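The same chain A turns up in both complexes below, where it pairs with chain B and then with chain C.
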Partner chain A sequence: MAKIVIDGVEYEANPDNNLLQECLSQGLDLPYFCWHPSMGSVGACRQCAVKQYRDADDKEGTLVMACMTPAADGAIISIEDEGAKSFRSEVIESLMTSHPHDCPVCEEGGECHLQDMTLMSGHNYRRYDKKKRTHRNQYLGPFVNHEMNRCITCYRCVRFYGDYAGGTDLSAQASHHHVYFGRHEEGVLESEFSGNLVEVCPTGVFTDKAFSENYSRKWDLQTAPSVCVGCSVGCNTSPGERYGSLRRTVNRYNSEVNGYFLCDRGRFGFDFVNNSDRLLEPVQRVDNTGELLADDQVKAFIKEFKADGTIGIGSPRASNESNFALRAMVGEENFYAGYSDVEHESMQVLLGLASDTAFHSPSVREIEMADAVLILGEDVTNVAPRIALALRQSVRNKAKDLADESRIPQWQDSAVRELAQHDLSPLSIISSAVSRLDDVASDKVIESLSVVAAMGHQIANKISASAPKADCSAAHDQIIEKVVEQLKAAKRPLIIAGNSNGSEVIRAAANIARALYNFKDNSVIDLCLLVPEVNSVGMSLMTNAKNPLGAALKKLHDGTAKRVIVLENDLYRRASRAKVDAALTAATKVLVLDQLPTSTTANADVVLPATAFSEHEATYINYEGRAQLSFQVHQCKKQAKPSWRWLCDAEHVDDLVERCCNEVPGLVRLREVLPGENPFIAGMKVPRQSHRYSGRTAMTANVNVHEPKQGEDKESVMSFSMEGMPAQKDASVHAASWAPKWNSNQSISKFQDEVNGELKQGHPGCLLIERKDSSGSYFKPVSDSIEPSENQLRLVFSYQIFGSDELSARSKPIQARMTDAYIGLSPKDAQKRDLRQGDVATISPLGSPVVICIRRGIKAGTALLHCGDGNISPADFSGLIEVEKSATQTTSRGIGNLIVSDFHEEEINS
Partner chain B sequence: MLTLIKDTLTSQVVTLWRVFSHLWVKADTVEYPDVQPYMFPRWRGRIILSRDPDGEERCVACNLCAVACPVDCIALQKTEDEEGRWYPEFFRINFSRCIMCGFCEEACPTNAIQLTPDFEMAEYKRQDMVWEKEDLLIDGTGKYHDYNFYRVAGKKIGGKDKGEARNEAVPVNVRSLLP
Partner chain C sequence: MSQQVIASTAVKARRLSAEEIVEIEHEMTLYPDKKAVGLEALKIVQKHQGWVSDESLLGIAKYLDIPAADLEGVATFFNLVYRQQVGKNVILFCDSVSCWIMGCEGIKSHIKDKLAIDYGETTEDGDFTLIPVPCLGDCDKAPVMMVGPDMHRNLTPEKIDSIIMDCKTIQD
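So, the complex of A and B:
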């Protein structure tokens, strides 16, 4: 620890940090633009100038940039010095010379870092009376708006987009005060993280396009701490509601999970909540028409289902509480998994590994610390996008090591990058197709899935001879050797796999991790196993291993079970059409709870409307077994209720959590995520509305001039009003980040222990799965016995960030980026079948239409199937398929929304 | 006793005289509503939304009036035309809550919302005191005749391209190498 003096007050400081970080960590106000907590300093904007003094006798001092000066022991600085203050106000005055008179018509207004800093720096009146430079804007796709006039050239956008997120299509162009940040030509921003530009840009150059269409100022949004339901990472979000509709999602800081950034699925996928197709009333199907049900009719129905012979099918996208309520209602033995049987099997393997003491499931922050990564058979960018962003940071650990050797501080962003050039930590990808991480991969092997798994086993065997050998051709020996060396040499190696394509790759990945564990004298190895949905882990912890979905469908089909309750799940995505049809027809009564109509609700006798993630309080468990609490943001004014409320009599979500803890062995610690008593200081709740929330007495005045009573929330520590505990006093439930003088999201530093640290009083979630099984052993490699005939191709399922997730695929902005179902083929296979890019083909066995997508980076003999949001169910296919040109050539979306530059590089776009 | 009687009588006679003498004094009371009082232009009465000199709606739906309002009686929703001009989709003032403080006018960056000298706002039904944009929007510029926000702002709208606002240079040609 170093001691530094700021304006005569002595502070403890971390000498590895710079002065700006330390000032902010101490809660002092110092303006800045180009510095970002996760991107370090470049000293471009000159806004954080302070006076530094040589010693106590030095009265003159020199101006230094706080972000470029280390917080060395004994540093004496002054923020309040008149010279420093006037320097800062002149700097911002010159930054503002061309800033347009736009604030009233700018989406950033009211949460603008530039507004805050202008005020903080004391620049009030414009003296510059010459002409303002102007710029033409670009169309940047459905997510982000561009308004270049507002730019103050801090370079944060390109530093995030290019340096941090690895995007290649946003750059700084032209020179001096003509500098322009945009694409080389108009077009959709390709990075999966483009939405973060909205939060990274300190002013309104990049704004949220979807939000702008239903705009509301930050202070008018009703917000609550929420968890993204787009994938299994469980990023923390702050959705905002106004006039009854969900308006936008922004990042909510969680030091362990998402930090400062979200992926575009998370940011723009919330809109399904506002979908006009939402199920909002209990409906009974009578002769193919819907008939509304009254309360007592629903009750009678539920009572009927409480009899014997009822089974329940859970859902990996429903909360723990809803799954538990269903399980409690039908009994554990009648509660079945809500995902495909293939996934069920791999989930069992995964759960076994989750309790093994040899492994550690790394959080996103820990993934960033890995210094050698091996990805086995998983397309991380499309399955768990936020982790792909973390992996892009992990490859920079090499640069950080080099910087340490040269005694360059980590925060010296451009110096560290210059030093390392293209020197990256090893990241090897062994999978069946190209991926969006290939540009930072040290090695990339494209092989069929069985070879991928075999290579995994082979790597394990090479690391530790105790691991079983696999049949693996010698073709890749060199790379295997290299990967083995890299993993052995690493201080913190990381193995990533997932269950998108069966369990064999998971087994291979586990063997590698175990071999490393043995090699490194039993030091715990990071093994990150990805699952596709928000609560896949939670549901699987509640499901008996002997209860896969297939067994449930069989029971219904053969009449052992008569009635079935399907919880927030479209069974047609989970099992083959024929089987689901047979089961639902055989069942005497089918009850489905869901938010949106699906093929399953269409075949139900009764459909009960369930609330969406923003309309109820719930807990979810992410890929690493981290339970997190998501609060209710707004009330559903129609008849939708949380699924558990339809199914059980519990009064309170806390009661269910309590019962979960007692009755489900894997969820014993779930209650730890519930907020403690302190949010209730003096009986005060935490307000969901900001203290400037406007329009209370006019919002509903058109309906009735007498204001309605404020919505009551009996469930949580939050209230639907502006009144209550100010977040400044207690931030344990922290939705919208705001602090006096800090209206933008940069105010987060006021809530952190230190910059990039944990939230004060915050809760990063609770790791549920205890590791106590030390008896784990190697898996035996299982080789793929199916040999394709001449016309057949090996099938691999491919996920898409936009479209694979069932709910976000119903969100309008996401739909604008989705493709049709497509099949990826190698040029060779395509030529053989006389197929060209964008053609429509049919795939056996059902003859479903798919669009052809030809990529060089697909193993010949392998077909990559993306099921889209249409009628293709992954469960209808297994192992081998045939592809034939279709007679009809009509598509709705086509594959035009796939990333253009990927095709461009491959030069096969016809 | 005598003094008391004398004082009482004098007092009554004086009072009668004073009342009588007022018969020739000019009355202060005006015959409202037949005679309308003069209201000063800056009187804070009924709120209106004005138009700019080109006859377009001045309100850009920035929400500043709503947030400035101490009784929260203004609610509006921003929307945008095809060419980028912001305007309110709806704009509602609940006059039964309004306290005529004029903060909204002070906060308005476009001079759209203005308080006028009209004070005759009583209604028999409270519900009738809720005014929508159709009721609030007048055809003129109100108290401020010349200001047109979009001529100053940098945002491009229909009829005004980039670089055409006041004090703006023509848009930069990013591909030019000239200084």
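So, the complex of A and C:
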């Protein structure tokens, strides 16, 4: 620890940090633009100037940029020095010469870092009366608006987009007064993380396009701490609501999970909540028409289901509480998994590994610490995008080591990058298709899935001879050797796999991790196993291993079970059409609870409307076994209720959580995520509305001039009101970050124990799964026995960030980026079948139509299938398929939105 | 680093000519990093084509396998990489301090009258483009300007006339 003096006060400081970081960590106000907590310093904006003194006798001092000066022991600085202050106000005055006076019509207004800093720096009168430079704006796709005139050239956008997130289509252009941040030409921003520009930009150059179509000021949004339901990472979000509709999602800081950034699925995928097709009333299907049900009718109907012969099918996209309520209602033995049987099988393998003491499931922050990574068979960018962003940081650990050797501080971002150039920590990808992480990969192997798994087993065997050998051709021996050496040499190696394509790859990944565990004298190895949905892990912890979906469908079909309750799930995505049809036809009564109509609700006798993630309080468990609490943001005006409320008599989420803890072995610690009594101060709740929330009394004046009573929230520690006391002691109740003088998201530093640290009130979630099984052993490799015939191709499922997730696919901004179902083929296989880019083809066995996408990076003999959103069901296909050119070529299907790096180009040019 | 291709926006990149490729390949042997060759490649293409069109820029990006956005950043940073079509002769006219003292304003208005173009404009026949530059480093012979590779010093209206005449004759 170093001691530094700031304006005469002594502070303890970390000498590895710079002065700006330390000032902010101490809660002091020092303006800045180009510095960002997760991107380090470049010293571009000159806004954080302070006076530094040589010693106590030095009265003159020199101006230094706080962000470029180490917090060395004995440093004496002054923020309040008149010289420093006037320098800062002159800097901002010059940055602001061409900034338009458009705050009233700018979407950033009210949460603008530039507004805050301008005020803080004391620049309150514009002396510049010349003509301002103006720019043309670009169309950047459905997510982000562009308004270049507001730019103050801090370079944060390109530093995030290119340096941090690896995007290649946004750059700084031109020079001096004309510097322009944009694409080479108008078009969709290709990075999956483009939405973060909205929060990274200190002013309104990049704003949320979906939000601007339904805009509201930050202070007029009702917000609550929420968890993204887009994938299994469980990023923390703050969704905002106004006038009954959900308007936008912004990042909510969690030191362990998402830090400062979200992916675009998470940011723009919330809009399904506002979908006009939402199910909002209980409906009974009578002769193909819907009939509204009254309360007592619903009750009578549910009562019918409480008899014997009822089974329940859970959902990986529903909360723990709703899954538990269903399980409690039908009994554990009658509660079945809500995902495909293939996924169920791999989930069992995964759960077994989750309790193994040899492994650790790393959080996103821990993934960033890995110094050698092996991805086995998983397309991380599309399955768990936020983790792909973390992996892009992990490869920079090499650069950080080099910087340490050269004694360059880590926060010297540009210097560290210059030093390392293209020198990256090893990241090897062995998979069946080119992925969006390939540009930072040290080695890539494209092989069929069975070879991928075999290579994994082989790597394990080479690391530790105790691991079993696999049948693996010698073709990749060199790379295997290299990967083995890299993993062995690493201080913190990381193995990543997932269950998008069966369990054999997971077994192979586990063997590698176990071999490393043995090799490294029993030091715990990071093994990150990805699952697709927000609560895949939670639901699987509640489901008996002997209760896969297939067994439920069989029971219904053969009449052993008569009634079925389907919880927030479209079974047609989980099992083949024939099987689901047969089961639902055979069942005497089908009850479905969901938010949006699906093929399953269409076949239900009764459909009960369920609330969406922002309309109820719930807990979810992410890929690492981390339980997190998501608060209700707003009320659902119609009759939708949380599914558990339809199914059981519990009054309160807390009651169900308590029962989960007691009745589900894996969820014993779930209650730790609840806020308890702490947030209450003098009996006051935490308000969801800001202290500036406007127009409350007039909101419904068009209907009735009498001010309605504020909605009551009897369940939670939060209220639908402006009154109350902001959360003081529990960060899980901290929704919209705001501090005096800091209206923008940069105010978060006021809530962190230090910059980039944990939130002062703690609470990054609770790791539920206890590791106590030390008896784990290697898996025996299972080789793929099926040989394809002449016309057959090996099927691999491909996830897409936009479209593969069922709910976000009902969100308008996401729909603008989705593609139809397609088959990815190697140029060779396409030619063989006389198929060209964009052709429509049919695939066996169902003859479903798909678009052809020819990619250079696909191995001949493999067909990559993306199912689109409900175009076709993955459950209908497995193993080997045949692809044929369709007799009817429609133009209504397309893959125009697809962004891949290995698109077979000759075809599109012709 | 490999470029991403969006299926829907397949803008056609120009195939670089054999001469351009030979020169770019030579430059590639001089730098450890392909990104560093970007500027040289732009200069080479400009030498052959007169300017750098969108198609040329994409062609270079594709050939070097670097992001077009990055190359655009380089191309637009330098004033003398022309991203718009210029005339056959580019007049780089110095309007900096020394030339100003020596009366470059009068010379400029003479050019303006003679060719009917202002800064940043090209004559209708496509022969001349007039661009201001801050200094050509020949202050003791001010006012000065460059036309193509040639430096013209101690300018007078008469000299301007003959320079323009010469350029036209050479072309014809």
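We adopt the following convention: the second predicted complex is superposed on the first by the 889 of 910 C-alpha atoms of A that agree within 3 Å, B and C clash if a C-alpha of one lies under 4 Å from a C-alpha of the other, contacts with A are read in each partner's own complex, and residues count from 1 in each chain.
Everything that follows uses one rule, which is that a residue touches a chain if its C-beta (ideal position, glycine included) is under 8 Å from a C-beta of that chain, and two chains touch if they have at least 3 such contacts.
As the structure is a computational prediction, the values presented were derived from the model and not from experiment.
In the superposed model, A:559 lies in contact with neither chain B nor chain C. With both structures placed on the common chain, the touch criterion links A:895 to chain C but leaves chain B unconnected.
Judged by the touch definition given at the top, the superposed model places A:180 against both chain B and chain C.
Looking at the shared chain after the overlay, A:879 reaches neither chain B nor chain C. When the two complexes are overlaid on their common chain A, residue A:190 makes contact with chain C while staying clear of chain B. Of the two partner chains, chain C is the only one touched by A:171; chain B is not.
Applying the stated contact rule after C-alpha superposition, one finds that A:290 touches neither chain B nor chain C. In the superposed model, B is the one of chain B and chain C that contacts more residues of chain A.
Once the two complexes are laid over each other on the shared chain, residue contacts for A:696 go to chain B alone; chain C is not touched.
On chain A, the patch touched by chain B and the patch touched by chain C overlap at residues 173-174, 180.
Listing the residues of chain A that touch chain B in their complex gives 100-106, 109-110, 129-137, 147, 149-150, 173-174, 176, 178, 180, 182, 212-213, 215-217, 219-220, 243, 692-699, 701-702, 704-706.
Contact residues on chain A toward chain C in their complex (touch as defined above): 168-175, 180, 183-185, 187-188, 190, 421-422, 438-439, 837-838, 853, 895-901, 903, 905, 908-909. By the touch criterion stated above, chain C contacts chain A in their complex at residues 1-12, 33, 54, 57, 67-73, 76-79. For chain B in complex with chain A, the touching residues are 60-64, 66-67, 69, 71-78, 80, 86, 90, 92-94, 96-97, 109-110, 126-127, 129-130, 132, 149, 152-156, 162-163, 165, 167-172, 174-176, 179.
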